[in-house]
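For clarity, chains are labelled A, B, C and D in written order, and residue numbers in each chain start from 1.
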Amino acid sequence: MDKKKLLKIILTALVTAAFLFLLFYYEQDKRKNGHALSILERSAIYAVVAVAMNMLTGFTGLFSLGQAGFMALGAYTVGILTIPLEARQNIYYISGMNETLASWHMPFIPAMIIGGLVAAVSAALIGALILKLKSDYLAIATLGFSEVIRAIIASPQFDRITNGSYGLKKIPRFDTIFIPVIISAICILLMVLLIRSSYGRAFKAIREDETAAEAMGINLFKHKELSFVISSFFTGIAGGMLAGYMGSIDSGTFRITLTYDILLIVVLGGLGSVTGSILGSFLVTAGREWLRFFDEPLFIGSWQVPLFRTGFRMVVFSLLLMLVVLFYRRGIMGDREFSWDMIFRFFTKRRKKVEISSQGGSHD
Amino acid sequence: MSLVTILQHTLTGVSLGGAYALIAIGYTMVYGILRLINFAHGELFMMAGYFMIFAMASFPWYLSVPIVIIGTIVLGVVIEELAYKPLRSAPRTSIMISAIGVSYLLQNLATYLFTALPRGYPELPYLKKVFQIGDLSSSLVTFLTPVITIVLVFLLMQMINQTKIGMAIRAVAKDFETSQLMGIQINNVIIFTFVIGSFLAAIGSILYFTDRMSVNPFSGSLPGLKCFVAAVLGGIGSIPGAMVGGFILGVGETFMVALGFSTFSDAFTFLLLVAMLLFKPTGLFGEKIAEKV
Amino acid sequence: MTKEVLRLDHCTMQFGGVVAVDDLSMDIHEHEIVALIGPNGAGKTTAFNFVTGVYEPTNGAVYFNEELIVSNRPQGKMKKLYNGTNRDFRKEVVSRTPDQITKLGIARTFQNIRLFKNLTVFDNVLTAMHMHLKANFFSSALHLNQHEERAMREKTVELLRMQDLLDVRNEIASSLPYGQQRHLEIARALATKPTLLLLDEPAAGMNPQETDELADFIVKTKETFDLTIFLIEHHMTLVMDISDRIYVLDFGKRIAHGTPDEIQNNDEVIKAYLGVELDVENQ
Amino acid sequence: MRKSSILVFVLMLVVLFAAFSTVAAQDVVTIGVFQPQTGENGGGGFQEVLGTRYANTVYPTIEVGGKTYTIQLYEVDNKSDKTEAVTAAQNLVSKNVNAVIGSYGSGVSIAAGAIFEEAQIPAMGASCTNPQVTLGNDYYFRVAFLDPFQGTVMANYAFQNGAKTAAVITQLGDDYSSGLGKFFVDAFVKLAGEKAVVSQEQFQTNQTDFKAILGNIKATNPDVIFAPSSITTAPLIIKQAREMGITAKIMAGDTWENVTIIENAGKDAEGVVLSTFYDEADPSTEESAKFVEGFKKYLVENNQPDIIPAVSALSYDAYLAIYNAMKLADSVDPVAIRDALVNTEFDGVTGHIFFDENGDAVKNMAVIKVIENGEFKFLQNVTIE
């Protein structure tokens, strides 16, 4: 038993080391591996939002579709606070920047945390209003508020803070992929710790049966609000990271489609599985790039395969997702987590099968 | 704001509201029976727009209109059969996600097939005739939309209240399991609901797009969401409620924009939704459903 | 007499025009097992529901350990609609949510078992201890309260052992047989450290042998945990065996009250209830 | 069952990955085509792609440093979305493209700009007119004029043609529309006085109903309506305005020079005035004459209407700019191309082109066109010093 545990630790360490080495190797030639690095970076960021959404939807049973709005808050906070002072004049070229804000500047990490807090505070206010609503009503209401946040950011009344329609640019981008990957790892770790704590169990109880949870002394509103606020905090953090990834943002980035993307990641990975969300964010982000060849005309000999043209990729992509939803409803991981035992079992069973079939084969 | 301007805005709002109402009925009926926000309904409406463009390219209008209606109904039922029916026993979240997936698929499919460029909507004879009453100016379709809406809602109500299938729909909406036990063919009722919803979406689409004149793959998504809000406002499951909700939303939104708050016109829609859900969760015409502990 | 634990004072519960519980008064004393019986639809579960804060009674009050915990009077539209017996409306309005009531020390089980279905047996019980968590949110979320967490787990093991559920502790709750689910629900309720336990038809769906065991178990649990028990049950043998006193409801009205012997010989009870129901229940 | 499906899934990914890796060829210069082919600007983006593709058929090879290189286009779709744009741009960088053309829509160009700059790959914008694209970015150039110029041109035109009052409609959250609208307002106020802009309205992305906005504008009765916006919204605004009995002259910027608008708005589009980069009826250069003839054929071959979109002409010029820079640098090295671009000067389809210190084409002339009889008709050239 202990041997197995040791093996697991060694395996985990090996995989982590291999992953870090891969990143390190990629970093050596950033230009050549830029595409791969940007996919990994984006996956890492989406993983944070996906896990945060999963915490809310998969673990607390609150179906919220407000991710894009909270990401926008995080992203704009980071943008406003980290754009180099000398570049600001140029960026706020239409209406100028609010004088107080214009002198505020800070490094990425504190700005990102403030971004998370801004998202969390807004979530606390919104949550107090709408968390009493039931499943799909809650979904629509959060979706609505996400649009409201976006409208406010884009509105001319806030030109001097958010630069309204014109968006922000020159946000310092990450120098190395290790920053987003490490931040994302820390965020996910914190969320996993929370999910596995007593509070996490209370969240799950609410998901399972609100009436019973309440009868067990769990204050529904307090715990729902807690889950909502914390999920939004990490969503805001992820938004801040997205700003650091993109270098320029505008309100259009944070449309409903962004939320849908995250939702699809969570569903693909499995509602209630953190590792599923992480895996899902990589598969969805990378899958889209891999599927790019569907967009290019394909020739077999001189025969042009029909259907292959621009836009086909997204059709294939959405079809794949529908297939998952319909026939693989619980996603890749279901509500289980990845564990080495799973892998071990996979191989031992396979070996058994092989043994059985080889026995059968020994007759002839 | 002068009286003429106010009247002009009211006319716009009522006409917009009429189109909203027709789509909202689709939402409210499906929700009433399946407890599902049919996110794909907006996309169905968008596809109906494209059907019209292609039908009018080869047929006269009096043939095109039925073709569009049939096409939309077929599409609506196909969506039901392929994307919702297999999930009947699944948790509600799964069906909702499936609905989001269908809407995503239809958007991408439309982009792929018809490109993202907007397509001009064909003109139906008479409908685009511009009327002038004093300083008010508007096309016939603008006047006609609310009238057609009210007539259709009236007919629908008659059907729901008088016919056997209408009774079945009411029964299923009230209690899914019991009506199944009572021998009601649930699947037929659901298909019928989708037929009616799609039919109204097709009519709504013709009126809406004739008034707004172009279709693109995304022209269904926002009206779709708003119509759901309209359905909630009126009380989900209630057909006259959906109609009233549609009108409220259309007029309210128009005046929000007219008063210079166009930034917040969507916000207005959703705040209205939240306020309604908090203070009168059953909507204006909805029935209270007691929960058993 | 011993200390009064629970008192219902002229409680009426009315849904629209239907009076589910009509002017019910009753009291339960420390270490008693008190049963509330009556035909289906007599309003028993409704009584549980307003004691535990799921509903607010239309009129009347509930005292727990002589402290007023729930009190209401008809308001607004209800005032016109009110057709309970007692026209003597209470003045004060006190309302508590179910979790607040659980915190006071009243725990319950449900008629149609409400377990956390997809959680393990162990987690079902462990979750119920969340209420008593001392560590603040951050130290809990960051797992800095290892000591407390360990104590909670030990306590859970202990509770599961008592319910004979230790062997199945890693099973998913919904995969247990019916009888064990009932036991798990009781274990979970006990995890909230109640002084008053409300059991809503604990023997429903059990076979005679299981029912007998349950009777012993309830008595044993009462002793071990120093509890007062308030019971709704259709199973007459069980009720007669373990109850100290019995209240009988019919159409929301209290029609009898007394020791098991008195109830068994009460004409009105026999007429309203026993004659019809016992045959069915004790088949 | 579960495991086998996981295996199938993994296999599928492997196959996809294998299919994705492309084969490298020798003596090839790759120009990345960074355009939206789907999403909101998919239509316009495609027209630019066509221009570049055509340029590639006209100039398929280049002789540089004594070697003949085949010029290959590598197209990526940025989906009119900034997040996608970053990945798409990284994709181009990873493919080691020597230069980039694009993009339609300033927002995505701005998003990708930082990446091209970091990777030291020169990028040539075709029709992205927002000042922010090239400002502070040493690697971004463009062959189009800028929005401040365009806004001023339209304000001047309106004022010179007797307009005393104007209304402006812009799209919220769209930098092109809001920016151009703002520059127009600034210029018009300077010319016609503080109160000359009688109404400023905004609409939301995806909004299809403009009657409320137009109702307000009708009430203020302006002489002209300036409504720079995407081609998706243009026909809606035009038709709804006419239906509501608004007779004011409707004007807009370069995006409106697109046949889609005439097709969709029909006879209501008559009289709409817009500024653009180029007029096919007035081939100012030799290149231009050649282009008009060849590209019309190309359009027909590709099942497109044979009216040349200005953005296609611009993206053709963008290709030429890079082609000429490579010649001048006598190298295909990205940095060398960038350095050569600063000094590149050539006759393109849209006129004589060279770049200022920001990397913007020095253009002081815009073409004003009017829609007449279902066609874009040259009206006048406006020059602003």
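Simple rule for what comes next: contacts are C-beta pairs under 8 Å (C-beta built on N, C-alpha and C of every residue); 3 or more make two chains touch, one makes a residue touch a chain.
Predicted, not measured: the structure shown is a model, and the values here were computed from it.
Common neighbours of chain B and chain D, by the contact definition above: A. Among the inter-chain contacts, the highest number of C-beta pairs connects A-D. Chain A has the Cα centre that lies closest to the mean of all protein Cα atoms in view. Of all chains, the one whose Cα centroid sits at the greatest distance from that of chain B is C. Mean C-alpha positions place chain A and chain D at a centre distance of 33 Å. Distance between chain C and chain D, defined via averaged C-alpha coordinates, is recorded as 72 Å. Taking the mean of the C-alpha atoms as each chain's centre, chain A and chain C sit 43 Å apart. Shown for chain B are the residues that touch two or more other chains, namely 111, 115, 221, 263, 266, 293. Of all residues in chain A, those that touch two or more other chains are 151, 154-156, 211, 310-311, 314.
Shared interface positions of chain C, defined as residues touching 2 or more other chains, are 54, 110.
Considering their complex, residues 35-37, 82-83, 86-87, 90, 92-94, 96-98, 100-102, 104-105, 108-109, 111-112, 115, 221, 225, 228-229, 232, 263-264, 266-267, 269-271, 273-274, 277-278, 281, 293 of chain B touch chain A. Listed in rising order, the residues of chain A touching chain C in the complex are 190, 193-194, 196-199, 201-202, 204-205, 208-209, 211-220, 226, 335. Against chain A, the residues of chain D that register as touching in their complex are 3, 5-6, 9, 13, 16-17, 19-20, 37-38, 42, 46, 75-77, 81-83, 86-87, 90-91, 93-96, 107, 110-111, 113-115, 118-119, 131-132, 135-136, 170-175, 177-179, 182, 202, 204-205. Those residues of chain A that touch chain B in the complex are listed here as 57, 63, 129-130, 132-133, 135-137, 139-141, 143-145, 147-148, 151-152, 154-157, 211, 256, 260, 263-264, 267, 271, 309-312, 314-315, 317-319, 321-322, 325-326, 329. Every residue of chain C that touches chain A in the complex is listed here, in rising order: 52, 54, 97-100, 102-103, 107-108, 110, 114-119, 123, 126-133, 135, 137, 140-143, 149, 152, 188-189, 191-192.
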